Amino acid sequence: MQDFFELIVSGFASGCLYSLMGLSFLLVMRPTGVVNFAVGQYAMLGGFAAVAVMTTILIPPIALPYVPGLLVVLALMALLGAAVEWIAVKPLVDRGAPPVASMLSLLGVLIVLLEVGARFGGTEALPTEPPFGFRRVEFGPFAGTPQSLFTIAVTLVIFAAVWLFFERTLWGRAFEAVSLDRRAAQLMGVNLRLVTVSAFASSAVVAGLVGVLISGTTGAYYQVGMALTVQGFTALVVGGVGRVDGALLGGVLLGLLEALVMRYLPVSSSMTLAVPLVVLLAFLVLRPHGLLANRGGH
Amino acid sequence: MLLVENLVAGYGAAKVLHEVSLEIARGEAAALIGPNGAGKSTLMAAIMGVIEARSGRIVVDGTNVTGHTTHSIMTRGLSLVPEGRRIFAPFTVRDNLRMGSIRLSAGRPGFDERLDYVYGLFPRLKQRESQLGGTLSGGEQQMLAIGRALMSNPRILLLDEPFLGLAPKVIEEIQAAVRILQEQGLTLLLVEQKLDIALNIASRACVLIKGSIALESSSDNLKARSDLDDLYFSLAEKAA
Amino acid sequence: MMFSLNLSIATSTAALGLLAAAGGAQSQETIKVGVLVDQTGKTSFYSQPVTEGTLMAVEEVNAAGGVLGRQIELILEDDNGRPDLSATKARKLVDDGVVAIISNSNSGATRQAISVTAESLTPQLASANSAETLTTLDNSCFFQLGPVESLQVKTMLAFTKTKGYGKVALVGDNSGLSTAAVDQFRMGLGEAGVPIVEEQLIPVGSQTAVPQLQKVRAAEPNAIYQVAQIGPQVVQFFQAYQQLGMKQPILGTFNLSSSSYLTTAKGLMDGTVFTDAFDPEKPEAIAFSERFKAKFDKEATSLEAYGHDSVVLIVDAIKRANSTERPAICKAIAETKGLPRVMGAKGTGFDFSRGDRRGFDPEGVVVRAIENNAYTGAVFSGTKN
């Protein structure tokens, strides 16, 4: 049983990262219908940006403390997200191209970002100083590390904030309105440009945050993006595409499932990354709307 | 108040509107009639800045708004009740109305005032305030669509076939509300297929045929014409 | 950062060469030595520091008057770490008239350049490559200066024997590098008769190694061989180990000598031992580290030392050959015996006289430990006990 309670904590913490990646997908997908597979590269760049801003490794003169450093990184990510929209999406939308055209051009962005990351950060894993350590902490039957609890706490705060924004604020409802009926929302006077740009910017911020969290645990690494992309997308599909609470549920379930499968089923441990793919396929076939049904609209 | 001059617009390669010109005076209620596919909804979309004008211009109160975004055109006092209502089905009635107020500059007090106004106009919406939009009847949904468009406190209201598919009793009810708006001095442009309803409300009608204004006439004049299909046919012949 | 530093060394080296030429002290032309380096590719992270060591060593030799009264001129070619480019770049160096080529790129790139040097009888020195089969290729002028993979396995097994672990676990990641190491350790442990009670791979890209290490913990090994090679997975191993409150000794590989782990896995590795080809307490290593620190104001790692030693070997060979003809240098290298170098255990040096073109002393690998988040000196060396 000791193993089980340890797995709950570490699976939950990994799952939180998947949830945030799912949220990053969702933020763009809901208002624009575009699935942006480059979000994993945002996470990679966010990690390297954290290394650059918080440590002397990449840019020696700059070494900010965690919180200001985090804010700088997230601001940079917002700019990056907006720039990506402006360069790779807007020109297509202006010419009336369908969302799939944007998805393809964003795949190009993925390649470019990967290359930029490898050039800027190199191919070695680079660390930031995690705000909390990795010594075992026990609470009741559970055991984890301060860092994993930090990841969980940050994730829950982000999801609460995003949920409140979408459900309780007028502009949050406007985002929802755009995802339900773009034309009708436009006729309400919703500024579609603003919605689209903020969607891309906030998506990059959330994925960048994942990168920052990972840079403190396993280091910023140029290949971190692809696995996160698969895990995040799976979280989204499992939870129910289009729902904020679904992304959280899906990610956490996936993290727990991954951990439990690895521990208790007789499969090779090198197959960990196949778990999300199998889950993804199963859901696409058996329950394409995810665990939480979409609340209509499309 | 609203002036459309030589407007050309369309979708993709298709040109739908050919040099359409139209003028509506302050406080006037005008109708835009014409057969299916004539470009009535396209004209509405172009006026609202939803689709781009390829040439020509749109002027609101002396300000050229051609090429402006929809939300900036709305701040000039235009609002459209779109064809097919397009309410946000998973939103409550109140949230639908909140969406309509997004361009309202007066903030929260302004919102409360507009909400009271809309509820006054359509008391049924107040009863259904926390019900989801998708659960309303067709007539109630149309009321919601009109109410939502009124939330931005427009000075010109465009209505795109607001009576389509509604029961006669509901049509009556909504007509009465539109008449109230008219009496309060709101400028109206009504897109309508049915001549009798259009002429009941509007004092003047423009007939759009194949993307061009084929005829402009006072309602009284048009009332004399009995057969609308005949009218459309002869106008189309003339245009060709 | 490495790149700019490298450039500055390159520039200063060039400047030094110019000064020497202008001074007229050496009227003879320079001895050209080629360097194949990955400056911009995926293996640049180790190729660059190795090359820094090469540049530093040449600067030192030139400052001391050069060799045979002539200055050494390094010609750097970036092969991007790509096997398909390295042969072309090697050809270019040969055409430039280099007397030897120092291969500081990855093993794959080195392998492709071997055909070019074989054909032109150009001595080629692989500073740090650890691939097993480079010297099986037909090129009598190719020399491998670093220890091959299997040597670290032998050394670690010899060390293990002194500890008498009854049963062990083996943990790697699923990268090619690591699975190769897993295979070698499995084979070595099998031959030594040490039972492996659990074998786990941490997949590259996973966020935690807790499930894998729980299985290891459940199997109750006496020690754990940690042969993961990809940074994040190595760090996850140590995080999970700490999180699960495990106490078994950890035995690691060369990979752990990368000092970045002292930051990424800060404080998590204490007590771990690992194989290394560098003994910081060797007199040559102490001297090298001091010179390096004085020059660059940062700590040298084994990578720079590898690059440095290539120059030591080639300068010695040119001196003994008393010639800059390629075949003569090649012959002199093959006869090298007991030449001191920075890398390797105390008392070990270059030795090609056994007829093996792998010049790293078979007893030269050491075992070091990590204490208080810092590397210790050698706690064990060689393959005998």
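Chains: A, B and C, in written order; residue numbering restarts at 1 for each.
Basically, a residue touches a chain if its C-beta (ideal position, glycine included) is under 8 Å from a C-beta of that chain, and two chains touch if they have at least 3 such contacts.
All values reported here derive from a predicted model rather than from experimental measurement.
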Just tell me the minimum hop count from subunit A to subunit B, counting one hop per pair of touching chains. 1
By CA centroids, point me to the most central chain in this structure. A
When the C-alpha atoms of subunit A and subunit B are each averaged to a single point, how far apart are the two points in Å? 42
Per the centroid of Cα atoms for each chain, what is the distance between subunit A and subunit C, given in Å? 38
Mind checking the centre-to-centre distance between subunit B and subunit C? Centres are C-alpha means, answer in whole Å. 77
Please list all residues of subunit C that touch 2 or more other chains. none
Would you tell me which residues of subunit A are touching subunit B in their complex? 96, 170-171, 173-174, 176-177, 180-181, 183-193, 295-297
Going by the contact rule set out above, which residues of subunit C touch subunit A in the complex? 1, 40, 42-45, 174, 200-208, 210-212, 214-215, 217-218, 230-233, 235-236, 238-240, 242-245, 258, 260, 263-264, 266-268
Residue numbers on subunit A that touch subunit C, as the complex places them: 3, 6-7, 10-11, 13-14, 17, 58, 60, 118-119, 122-127, 129, 133-136, 143-145, 147-148, 214, 217-219, 221, 223-224, 226-228, 255, 258-260, 262-263, 268-273
Which positions of subunit B touch subunit A when the two form their complex? 12, 48, 50, 69-71, 74-75, 79-80, 82, 86-91, 95, 98-103, 134, 148-149, 152
